[in-house]
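Here's a structure for you.
Chain nomenclature is as follows: A, B, C and D, assigned in order of appearance, with residue numbering initiated at 1 for each chain independently.
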Amino acid sequence: MKVKVAINGYGTIGKRVADAVSKQDDMEIIGVTKTKPDYVSKMTAYPLYVAVPENMGTFEEAGVKVHGTIGDLLKKADIVVDGSPGKIGAEHKPMYEKAGVKAVFEGGEKHELAGVSFNAMANYDSAIGKDFVRVVSCNTTGLCRTLYPLYRDFGIDNVKAVMIRRSADPPDSKKGPINAIEPVLKVPSHHGPDVQTVIPDLNISTMAVKVPTTIMHLHSVIVELKKEAGTEDVLNVWENTPRVKFVRGADGVKSTAQIMEMARDMGRNRSDMYEIIVWKDGVHVDGKTLYYSQAIHQESDVVPENIDCIRAMTNLEKNKLKSIEKTDKAMGIN
Amino acid sequence: MKVKVAINGYGTIGKRVADAVSKQDDMEIIGVTKTKPDYVSKMTAYPLYVAVPENMGTFEEAGVKVHGTIGDLLKKADIVVDGSPGKIGAEHKPMYEKAGVKAVFEGGEKHELAGVSFNAMANYDSAIGKDFVRVVSCNTTGLCRTLYPLYRDFGIDNVKAVMIRRSADPPDSKKGPINAIEPVLKVPSHHGPDVQTVIPDLNISTMAVKVPTTIMHLHSVIVELKKEAGTEDVLNVWENTPRVKFVRGADGVKSTAQIMEMARDMGRNRSDMYEIIVWKDGVHVDGKTLYYSQAIHQESDVVPENIDCIRAMTNLEKNKLKSIEKTDKAMGIN
Amino acid sequence: MKVKVAINGYGTIGKRVADAVSKQDDMEIIGVTKTKPDYVSKMTAYPLYVAVPENMGTFEEAGVKVHGTIGDLLKKADIVVDGSPGKIGAEHKPMYEKAGVKAVFEGGEKHELAGVSFNAMANYDSAIGKDFVRVVSCNTTGLCRTLYPLYRDFGIDNVKAVMIRRSADPPDSKKGPINAIEPVLKVPSHHGPDVQTVIPDLNISTMAVKVPTTIMHLHSVIVELKKEAGTEDVLNVWENTPRVKFVRGADGVKSTAQIMEMARDMGRNRSDMYEIIVWKDGVHVDGKTLYYSQAIHQESDVVPENIDCIRAMTNLEKNKLKSIEKTDKAMGIN
Amino acid sequence: MKVKVAINGYGTIGKRVADAVSKQDDMEIIGVTKTKPDYVSKMTAYPLYVAVPENMGTFEEAGVKVHGTIGDLLKKADIVVDGSPGKIGAEHKPMYEKAGVKAVFEGGEKHELAGVSFNAMANYDSAIGKDFVRVVSCNTTGLCRTLYPLYRDFGIDNVKAVMIRRSADPPDSKKGPINAIEPVLKVPSHHGPDVQTVIPDLNISTMAVKVPTTIMHLHSVIVELKKEAGTEDVLNVWENTPRVKFVRGADGVKSTAQIMEMARDMGRNRSDMYEIIVWKDGVHVDGKTLYYSQAIHQESDVVPENIDCIRAMTNLEKNKLKSIEKTDKAMGIN
């Protein structure tokens, strides 16, 4: 029998996790929730529930058919993926506890809410059988994907990384800025400590800036390795790391724009790029100092991690590599 | 037996037409051409041919396997879709004539090159059995789609339209401007006369500006109808017009950004929106004066028109509505 | 003795009017107000007053010295320019009436608030001696500047214009959209009726869209003249119209970006361009149909109008051309 | 008698240096050159010469009056500032040698061309009496301004910096990208070695990315100091460093957009910001690790350095602090 998954918050992440769950043979979507009857509510093919029971009337007025409230949905679920905006997931936890439903939280919540922060390659085992787990944010996922195998194979003395962040997601047509760069003034930024919720003894310092684009974050990363390594050694490690993919400037892939176009060319659902993209000809090791640039599709890189997380929490699979392989095959990740 | 289609120029339009042909049951792609061995060449699943025979060596050096040159490809084709950049198609015409292959040109070419300019609803019959036909550009297609049924049902005294154009396609990461508006100084713009290549006696004057976005053109249109009509009458006509689709600001679809997101939500190939999008709550008729705003997905709206054009030229179907319905069903257009 | 001018709302327009007043020999700034002690408050050289008396404490806490409240300022003023955000000016009117101070409102307020809407060339006389006058918005000012002389010299049958609007002012780094075009769904837009508050019997219909730029609005205008005219005739009329300036694409001025650069090259205060900019090689008359493109510096084009308005209301000058000449000479508008 | 300065290349830097020279009492502009008779040529108030003698005719055709060629100009000059695009200055050196004229090159040229790379605070003395000196680029100037005093007062173990670069200058309305981030794939970037042309034994590694904005570069900098220091200690050092200026996010200066607005509010020529802007509330020292964010006005920060460089090369002043003070006072830098 398939694991029954509910999505509470059918937004950027929620709708992608719903699609990804639907492609797996060991789990299924039993319903998704929305707070307002907007165009997304009208278009979804999943059974729709109302996230905020008081809003039931507005759905009726808008002529949008619903199957009940979040309460009704939780009664049927084995596990819920909370796709609410940051910090709102925390408010939902008591409801999930009361309903006796396991819950996956996303990176907008604090580590302490779940006690376990998850990245499939780095710490799959820590989620096995757990009731509450947090899948780390898109940026933290990106850093874990490329840093964990380096940490494992070469050791890392320290990491300095700057996150150049998109300002808004593509459909978010109110947010700016239009022509400006905005530094995150809290330094070091929260990304370093967040990586440490997954890889506790990694020495990492980060800064962040917001720039006027809607597509992808970009990380400029400088790593001091413990062991000397050649550029080829590092490339080999990543070549064998799931969900890390190379592109080359020499092939015409100069910017995040062409990466998003590649996702379209690959026929990906919603034109998503689940992999962390590393510019192969932008990797360079000088002694023990490694420089690289990677691009993060903020809307989708955590989606396969959510699937693995569900599988670990519900004891569907205890072996991380088997789960990753199964997830990726179903989602078209080579 | 299926009609054998070659794509000469596997770029923005070419790759989309290739995918769309592949979804039809009465035609098939036998090969596509590229001029350079870039990442697109490396990724395509279609048999690859070299558009410029002299460049054969660069493909070999890059390790990209090809099946031959454009000349080899034309020998096997019934019809070729020329997806070259504007004005290059004209240079190819003698080659097509010599090879005895029919050719579809795109809107970047002049009307005179083919003698017939095509929009499925407006003048399907004019392409039946022809050797050379030009499918009009994305903007002209957009204007024809919404204006033709008004012209047919109410008569049109005159049209004034301003095209607010995207400056570059999404993957084109060199072009700007970043923070500027650029008027097209040639007035009236070429769009009006181009619509007249399809609907000869339509009185239409246009202007155009370029703005710093990569997604969709937007048309602000003011039409003086010959017959008085209500707003509902106009909406009804478009409701029954293929490839015209409504959205509503009241549902949260405020800008071109949300329209592109809808295409992703609809699961469209490459996240394309083939339909011309009219804001339903942005249509207003005041006496005989109609105001409306429409959005044009410049990368894809002409794709179904190319399919219909192939069908007309190769005598696969003589009835325009049957062809449109067949094309749309195969492509997932409601 | 100089006319004593207060600025209530030292924002985008307020700070520019303050500077412009200071350059005149018949008026002076006696104080400006701010609601919050931000960096602008800390930098201004004008006597600072608190716009909202309750906020006095926050200025003290921030260590920003103030001279009193708006009430204190009004006691000394002959006239106040209300630079508040739209609709807030209306709330201030009773305060001005009670203080017995004349007031200039800006285009964000309704016509009815003042009863007189002002453009120097079109209806200077209507403001003479008045207590309350509204200077129309940047877009309406732009339309009046170029349309009024055509209306006067050739007659106008009708105007269709599309306003391609910047989305936010340059320092407004929160607003978007970043990569989208947003139509104003209310059609026709309010700009047409607003022009009619200045030129009552002009037949004009407008539409508007927002685009991702911070610099200048651009108008695409199609005018049906009553009398036939040549392109040269129209250019001659504008050549002799104050505050209308030509640029040429042929000289390298292709977009709003180069126009803003010209303002820097001209050494203008705050790099402002007070004139309405018409592309000379983008003007074309075909029979009675005139096409033109004009760019509007939304932050500053109304500033000289405010000066003339003050002069008319306070009876400093009854002749419009004399006032315009005096204003322009002091501000460096040739 | 004033030092006679010629500007060869009246572009972004050239026109600013011309204005800055004109404000000094010990030097004067005797002429500027342009290659083409565009709108900038038509507007300049400086005596105009033709940079490329063969183009003399095009200036005549365009009706732009010139005083001669670059050769004529050099005959009268004591020193020339070469404002040509990168690498073109190198082609001009033999001409300057032949004419016996000293020359200032800009940061687009290689260090070896002049043999001395200049930043006023860091190595003024190295330029005294020299015939050829290169003023380093905007980014290198920015790094030298804030790093040199730290290096002098605390010692620096190493610096890691990421340059988030604007893609085009404001009037450059062709360049993009519109919605993308583009990493510089050559790592480490050239900025580190370039700083070492000024501060030879500084250990610095840099990376760079291009983002879709036209205003200011932003640097995210992490410095390992040799001596422990408090955040206040670092702030004190910069407080006493010329041409470094603080802003605070808490005062509403969140992004590069508000910094550019401050320059307008300060009444700066062309709305320029000559100082390197450090966010005071974005500086943090943790042990010996210092984090800070600084913004660089790429069009103007090198302008005062050019003035000091002229003064050193022509022996007008041997004391760096006196030259800096004199330059800054004349340019309105407090």
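We take it that contacts are C-beta pairs under 8 Å (C-beta built on N, C-alpha and C of every residue); 3 or more make two chains touch, one makes a residue touch a chain.
The structure presented is a predicted model; accordingly, all values stated were derived computationally and were not measured.
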Chain located farthest away, centre of chain D as origin (C-alpha):
B
Contact-pair count is greater, between A-D and A-C, for A-D
With centres defined as the mean C-alpha position, give me the chain A-chain D separation in Å.
42
Roughly how many whole angstrom separate the Cα centroids of chain C and chain D?
36
Between chain A and chain C, what is the separation of their C-alpha centroids in Å?
48
Indicate the residues of chain D shared as contacts by at least two other chains.
170, 172-173, 177-180, 182, 212-214, 254-257
Sort the chain contact graph into one of these: line, ring, star, complete or other.
complete
Would you pull the chain C residues touching chain A in the complex into a rising list?
167-168, 170, 172-180, 182, 212-214
Residues of chain B that touch chain A when the two form their complex:
15, 38-40, 42-44, 170-173, 178-179, 214, 247-248, 251-258, 260-262, 264-267, 269-271
Considering only the defined contacts, which chain C positions touch chain B in the complex?
160, 162, 164, 166, 177, 179-183, 185-188, 205, 207-216, 218, 220, 222, 249, 254-257, 279, 281-284, 286, 289, 291-293, 295
